[in-house]
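Each of the next two complexes has subunit A plus one more chain, namely subunit B in the first and subunit C in the second.
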Partner chain A sequence: MNTATIKELLYKVADDLLIIGHRHSEWTGLGPILEEDISFSSMAQDKIGQSQALFQLLYKLGEPEADTNAFTRNANQFCNAQFVELPNDEYDFSTVRHFLYDHADQLRFEMLAHSSYEPLAKLARKVKGELKYHVFHANTWMVKLSQGTEESRARMQSALNASWNYALGLFEESKFEKELIAAKVFEGEVALKSKWLSAIIPFIEKAGLKLPPEKEWNPVNGGRKNFHTEHLELLVKEMGEVFRVEPHSQW
Partner chain B sequence: MIKSLDPRITRAEIELTNTIAPLEENDQWETYEVFHQKKRGDQHMHVGIVHAAHPEMALLFAKEQYGRRGQSVNIWVVKTRDVYTTDYEDSDIFDTVPEKMFREAGGYKVMEKINRYKKEHKI
Partner chain C sequence: MVDAGTIFNLQGAMLTEKEVWEKLEVVKDPEIPTLSMVDMGIITKVEVNDDLSVAIEMTPTFVGCPAIKMMEQMVYNCLKEAGIEKVSVSTNLDVAWNSNKITERGLLCLKKHGLAPPPKHEGEITQELLEHVACPFCGSKNTETKSPFGPTLCRSLHYCHNCLQAFEQFKPVV
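Then we have the complex of A and B:
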């Protein structure tokens, strides 16, 4: 297994976590109620912490230091899925994205916990509890908001429709897919997507929502290959602003 | 009105209404009392309250407000309105007449017996 293959895998997972972590953190101080504000912000910190751990693995493989890597790249050097860079919009969209993304994230780390690449497997086992909470949180809100009022149900359904094809883009395959599977580093995006569908469908049904018809499924790919929406550029600029002003400052 | 699937309830003409009414603006969800347990086997201790729409959400919030520093192994939440309490005005019910020596451990002359036993058996 050459390091380029491992690095590509680490980068996409790290970038997803960093970008969604940043998006989640934008809700800090604006959450619907105090307790939820704290919970959501805390999960944002978890995500950023998880990405930091992955950037540290990358550093050991010869990539730049975690902060430099996170805060000085340009948008067209990121390989997160486009789904995670979309603006927060309202709490309906943020909740649906949190639900769809976190199920995928949890399952991905469950698979990675058995990776033949031991540093990654070790990390995956370490974050198990955090991810379990994130999914518990997502399931609760997804079902609750969908079963609230007529308006809340309609908003959740329309957020799900708007998210769906972007969410499918989380499973965009790597050019190293076969090698990763053969070397038992990662079971692959196809396997992950199928586990993900089995995991989320019961909750979507419980929530009383409907998935878009399968013939309309059309993954928004490109993120893994550095193609992004205009939103990422603004996000990256803001996220790295302080670091870029004073890269050597101590925190 | 929700129509029950249970024919007995339908016959009894009990009105089943949705108990979760949407909140008015600036209204708050009800509160839950939070108890956390530091170690398995320890007593749960009261640590505070959270606002939540239902018990599951109360657990979610309780975990973040009171359990995120990694010092809990278990959490209970109880609706505040399900907690029955004595009145502070009645706190004199805890007073007790001090002369009831028979209620105090010291009222039994056990120590003397113990000491005598110890002496006899050279313990």
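Then we have the complex of A and C:
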């Protein structure tokens, strides 16, 4: 297994975590209730910390030092899915994205816990337990908000519709997919997506929401290959500014 | 090959691993001043080497725990103050932390601090395990989870319907 293959995998997982972590942190001070403020801040802290641990693994493979890597690249060097870079918008979209993304992420780390690449497996065994709480939180609010009033249900449904094709972009395949699977580093995006569907559908039903019809499924890919929306550029610039002003501040 | 006398002298001059563990008991968790890092289960290895140096390995409760650097420093300072000249402290995930690693004494400290201790788990945490956590004040299980996230990554928020008080739990983590 060559390191380029491993690096690509590490980068996409790390970038997803870093970017969604920053989006979550934008709710600090703005959450609808105090508990929710705390939840999004905690999840942001977890995710940014987990991304740092992945950047450390990349550093050991010869990539730049973790902070430099996280905070000095340009938007067109990131390989996060476009889904995670979209602005928070209202609480409905943020909650739906949190639900769809976290189920995928938690299952991804459960798979990676069995990776033949031991440094990653070791980290994943720890992270998968932490992410459980993110999933619990997402499940609770997904159902709670959808079962509120008729208006809140309608808003959650339209957030789900708007999210769906972006969420499918989380499973954009790598050009190294076959090698990763053969070497048992990662079971692959197809397997992950199918586990994800089985995990989320019961909650979507419980929430009384409907998935868009399958013929309309059309993944928004490109993020893994460095194609992004204009939103990422602004976000990356903001993240970098804090780093450039205070390179040693604690994340 | 050294003779028996030399070994005796060497051991007289250095701390044993057991003694280092004992020294470390004074280093407390920055958030819970009665709970030692040893009881918390985050010190994973103590090694006393032939050159009298001591190497400590630690592991974070959460990967994103912001206090781990500070805790490394506290461990380092403690052993330096104990007169050990060469001390190294490092953090890794070789033996990852989970909440079952908290000692019995540690669980008691949490309770005394007003935190519900994490229930023992079998390697799997379900959302059900988080509901009806025993209230640390009155013991009632007529409680509900307010949020899986509290003021620190390790804690969740709960409410007791029996004594009508909000409380926090030190979360079970696998």
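Here, the second predicted complex is superposed on the first by the 244 of 251 C-alpha atoms of A that agree within 3 Å, B and C clash if a C-alpha of one lies under 4 Å from a C-alpha of the other, contacts with A are read in each partner's own complex, and residues count from 1 in each chain.
Rule of thumb we're sticking to: a residue touches a chain if its C-beta (ideal position, glycine included) is under 8 Å from a C-beta of that chain, and two chains touch if they have at least 3 such contacts.
Every value quoted in this text rests on a predicted model; they were computed, and no experiment measured them.
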item	value
Clash or fit (per the criteria above) of subunit B with subunit C on subunit A	clash
Partner chain in contact with A:G148 - subunit B first, subunit C second, else both or neither	first
First (subunit B), second (subunit C), both or neither touched by A:T72	neither
Subunit B versus subunit C as contact partner of A:S42, first or second or both or neither	both
Partner chain(s) touched by A:Q50 [first = subunit B, second = subunit C, both, neither]	second
First, second, both or neither for A:E130, with subunit B first and subunit C second	second
First (subunit B), second (subunit C), both or neither touched by A:N226	neither
Subunit B or subunit C, by number of subunit A residues touched	C
Subunit B and subunit C footprints on subunit A, overlapping residues	35-36, 38-39, 42, 133, 136-137, 140
Residue numbers on subunit C that touch subunit A, as the complex places them	62-66, 69, 93-94, 96-98, 125, 127, 130, 146-151, 153, 156-157, 171, 173-174
Touching residues on subunit A, where the partner in the complex is subunit B	33-36, 38-39, 42, 133, 136-137, 140-141, 144, 148-149
List of subunit A residues in touch with subunit C within their complex	35-36, 38-39, 41-43, 45-50, 52-53, 122-123, 125-130, 132-133, 136-137, 139-140, 250
Subunit B residues within the subunit A interface of the complex	22, 28-29, 50-54, 56-57, 60-61, 63-65, 68
